[in-house]
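Below you'll find the structure, written out as structure tokens, and then a few comments.
Chain nomenclature is as follows: A, B, C, D and E, assigned in order of appearance, with residue numbering initiated at 1 for each chain independently.
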């Protein structure tokens, strides 16, 4: 069976110039492809092109085996959720959400029930009778999402559906998206800046960068070994440690001011190591062999701690370490990187 | 010296009813108060009330010692950044950013230079000549932010300035906000859903909940010991473990299906423990005393791993553990909670 | 499809109209003698007519625009005074031009109501002392009528633009709110944000008023000076003269009038950026 | 498809009158006429129309349109190949007739076959000629009028009685006289042209360029010398006679005028000018002319139109129309040929003290000359004097 | 706008005087016979102009013609201009400009040029001198005005509303029915009123294309005016204004739901 959504050599146009080139992607029904990319790289434009809201620069959009590249938006079976929610100002929240059912001719009592169910799943059921102009930012986002989900399309394009939500609501909305994906077998494309979203909902993820786009891969694979430095930076979980790779092949090692790390297969020369906080061990006081570092600054982030350290010589480095690490400015520590991904500096 | 911004018994109105009541807050020049709150709780309305865009239900807004409650917005010395960026559609990006300088009568060459500097700091300098309608969502946010910062006001109210940005850009924007706060000595109020923002920028944080609001406190304090279960949920870093507190006073202990945890001072009775991932130790195979748990599900999130576990009896629990934990479904483990915050179930 | 229909319904009559005028100017139809162009170009009366008509259209349109914008901005609220002012401001809209001309005649001539009032309070002693506003070579009476008649139209346009804007931007006028919290005074927000946006929206209507006033016959018919004669009257006079030469000139003049109006419209279309 | 072209007036003229009347029964006649005067409208709508309907079953639809509008309309209709036009009857005279005739836009000849045509005063040069042109059966007369000045007996107890007196009066009363740019003003200028150049006979017998130029020089010289004493110092002129009446009524000027000598009475009755307004005929003589009805070449209902034209010539219609309370329009009938009872009725109307006496009219009436004079004078005045 | 209360009241007073005085003069003139300089007010009142106007069958015919023409023009021109303005607004810049220029030309052509051209067309269609022909003629300037109106509306229209409706599966007809028309109630009401007014006040085109055979109220008023019948002309002018006022009022009521801002 062919995929629910296939993009063949799709080119996306920004204004007058071609921005993103040659996208080739299949999304099966029930799958979700997350798209990660820097701001302004063309994610929204890609989605709008697939939805038929702007003309493709080239290539084809195929839905369930049918080439829809020339079809108007309403005949593609694709629903697009705008990045900034657009609600019909003259309809109540409930009528907004019931809209896609009503245009499909559903009896109004049934469409109201379905719409109300979606509102409830997204925790905005008590807003049903309100007009959109009185909603808060996050409420508007959720109502727009409820409306898109209510349409129950073959292909669902979601442009940052989870922005502007607090973590508690976000978790529930993720769940609703999961439900939509698995129970209604929609093929989803999800634009997000948050890898957590991709990990929670997506079956695949691809990165979109000014330099090009990656092939879709499993979200965990991206998290563990991002293909490029740029894509690593998109994830926001890596500390970047500068150093140099010496030796090559299986004996290569990455040398930084905190010591050396085995780096089998890395290219020799100046390198940047991307390291997650749990891949770093910190020893307070000097207990193991290796250089001693003075902690200059400690910044507690939500999930980890960012330490700025200096070696006696004067060079400094920034490392992210586990939230349990207690090292404070002035302390002398040793930092042992257990694992890293090594890239040539950008 | 009085604070740059003082709110005295401020009531915020939603449509016709009073939503948030009795806000009393001081923000000193150069300080930043982050406001965390569930979607729809009234954060934007609070900011709009302070800015003078909607009338207060009661109370006073004082800026640098002057009561401005009855003043029009432009005479309050307060700049408000809308949650959804509002750019002037007939002005270029540069002119948008230079707008606040121009209305203050700055010579146009100087205002253009200053505006361009802000654009550069927010990495949108190459958009200077564009019209707003051609910008991407994140670009629009950044331009609006640049414009607000360019105004260099005594009080800066920022409504989710960091939404819609990818992690790399987000880091730079946080830095720009830091600069603005420290160099221009603005008093800032920052609405965000992301505790990381508060930790990076804010000197204080308060939570806004349907049940009421907290006193401002240090961001780290909130992260370490949130005052209520609801505020803990806002942070998105805690696993909630159900159990019961037995004993009281200093001998109280929290019993859950994975064992017991000292819970000095906790109220006896059913309780929920909020536990961060680094406060949990996992032993694979049975090595320490305590119940054995079977891993039912493992979900890798960006910063940690979410495990669903079951005791032989049949009860299940969800715990968040460090990203380095390798336990997989089917494994038998022991989970030791080292530390927790204990609340009566909501 | 609608575009094709437009081509037929708008384009065809225009084509026929312009074509007929060109044929008339060349002396091919309608008992018109050729050579009108040279005669018209060498005629100072024509030049004075063109200048007068442009002057009337320009000042009248400017006056109506300023008035409409002023009222739209001053009375945009929802207080009773605002509603009342908007209702009164649009009151002359349904009054046909002809009626407006009569009303201005009754008001403004040297023996009109204003003159009578002036006489009553002994400002003047005879009609001739009252300033000649009607049948006036500067067209002041026509300009007054144009403003009286077109201000309501432009006001309506301005009001409907304002309402469209507030309908679409979800929380009231977010743009002015943004401007004001950025430190713009109410006046600055008006001048830099509201006004430019309003004028952009009104621009086609303003040009339409200009174009309409330039060609309209009814007001000059009742209020115009006999010398110089506004262009539409000159066209009519030449057209109704019985000799073939005048007929030819009428068509040339009609083309000149169309050309002037189209230059205005073209300038507007050209200057407008569609961002 | 298009309806077959209707029977032309010329063809009908050869048929017996009864058959014309029969053909007209139950039809509608659209008559394009000057609809500006409520007196005329009332006469047409309340007197003529009901009688047409009662006697002939004809529905009369009187609509606005005069002069060159008609010429234009018919010209375009012919260019468009419209063999069936809109109007069946036209109110015309003078230069309009000339223009229509020269372009073959009129049907005819037909007017001589109207039964009532026998009553027309064909001996009168004013009725039998239209601006020196022979109607030649292409138009049928139905009323005559003569140019008169109108003054307010209270404001101006001693009005000028000759053109010379008028010039002196203007100089003595600066700013109190003007003339309009329309037909009435042109008729005054033409009358003045006669007076300055030895009478109408100088210009009789077709257009004579040298006579015209010599006369024009004299006339324009005089007008130029009068200019500073005119209303608005001669820089502006009222657009039409209605505007002039308005100035007169409101005391901006002291003398108005009309091509219908009796308008002083009818307009005063309508409240357009003060009740103390009077008419006077300048002794040097003023122009009198006749108005006609014509049938366009593409009239959809020529038979009906002929019946209407015939009714207009009936003594009943002519008498009614002449009543000061109705319209005060002069008759075109030769009263001598009428039965005595009719003559008496006409006499009683003509002797109405409010009207200009009939003998004074007869003595001062001057015929129209070639329409070219009218055209040239109007055109030259616009170019040289305005 | 930044105006003090005092300034607003002054402005309001000036506006009222400016607007109302001419209208009041029309009303007075329509009931005054022989009201001449220097009388500030008429000496006596006289309703004859009104009774004539209302009782005269020929005026009633003119009124009926005017009403029929006005309504037909309003409805047809709106129905055509709305989709035209919309598709032009969403087309390329070149098409947009062409349409705008066409619309301007429809307004700019002097009646002599447009009218004669139309007259020729209408005559060769065989509908010279009929209501239908005059209706076609009125349609041209009305279409010009209304196309500009909707072009303006749709260039500032948030077309994401269309996009959402389309991707949610609403067909073209449904988008019109459920989104566009409800949101456009006010512009449509205005367009109807404006289309009516364009036809209602039309003199020159009616005269030319109607060949004089189609009588409308403004033509009657023009004739009265040219005869110096100011009293009747004033009554006629007011008679012209009143139905139009009703139309505008109705439009306003029709638009009420979407026009909270406007009284």
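We take it that contacts are C-beta pairs under 8 Å (C-beta built on N, C-alpha and C of every residue); 3 or more make two chains touch, one makes a residue touch a chain.
Since we're looking at a predicted model, the values are computed, not measured.
*Asks:* Spelling it out: a chain qualifies if it touches subunit C and also touches subunit D; which chains qualify?
*Replies:* Expected: E.
*Asks:* Ranking chain pairs by how many C-beta pairs touch, which one is first?
*Replies:* C-E
*Asks:* Relative to subunit B, which chain's C-alpha centre is the most remote?
*Replies:* Measuring from the centre of subunit B, the most distant chain centre belongs to D.
*Asks:* Taking the mean of the C-alpha atoms as each chain's centre, how many Å separate subunit B from subunit C?
*Replies:* Centre-to-centre distance between subunit B and subunit C: 57 Å.
*Asks:* List the centre-to-centre spacing of subunit A and subunit D in whole Å, with centres computed as mean CA coordinates.
*Replies:* 91
*Asks:* Note the residues in subunit A that touch 2 or more other chains, in rising order.
*Replies:* Residues 89 of subunit A each touch two or more of the other chains.
*Asks:* Residue numbers in subunit C touching 2 or more other chains?
*Replies:* Expected reply: 30, 111, 127, 167-168, 185-186, 222, 239.
*Asks:* Which subunit E residues reach two or more other chains?
*Replies:* 36-38, 116, 120, 158, 183, 222, 225, 230, 258
*Asks:* With touch defined as at the start, can you tell me which subunit C residues reach subunit B in the complex?
*Replies:* 174-175, 177-186, 188-189, 192-193, 196-197, 200, 275
*Asks:* With touch defined as at the start, can you tell me which subunit D residues reach subunit C in the complex?
*Replies:* Residues of subunit D touching subunit C: 67-69, 71-72, 75-76, 79, 95, 98-99, 103, 175, 181, 232, 235-239, 246-247, 250-252, 375, 378-379, 382-383, 386.
*Asks:* Spell out the residues on subunit E that touch subunit A in their complex, using ranges where they run on.
*Replies:* Where subunit E meets subunit A, its residues are 158, 160-161, 163-172, 174-175, 178-179, 182-183, 258.
*Asks:* Under the stated contact criterion, what part of subunit E meets subunit C in this complex?
*Replies:* It is residues 1-3, 7-9, 11-12, 15-16, 18-23, 25-26, 29, 36-40, 80, 83-84, 86-88, 91, 93, 95-97, 99-118, 120-121, 137, 139-140, 143-145, 147-149, 151-153, 155-158, 183, 186-187, 190, 197, 200-201, 203-204, 218, 221-222, 225, 230, 233-234, 236-238, 240-245, 247-248, 258-263 of subunit E that touch subunit C.
*Asks:* Which part of subunit B faces subunit A closely enough to touch in the complex?
*Replies:* For this pair, the touching residues of subunit B are 14-15, 36-40, 42-45, 83-84, 134-139, 142, 159-160, 163-171, 193-196, 199-200, 220, 223, 233-237, 276-279, 299-304, 322-324.
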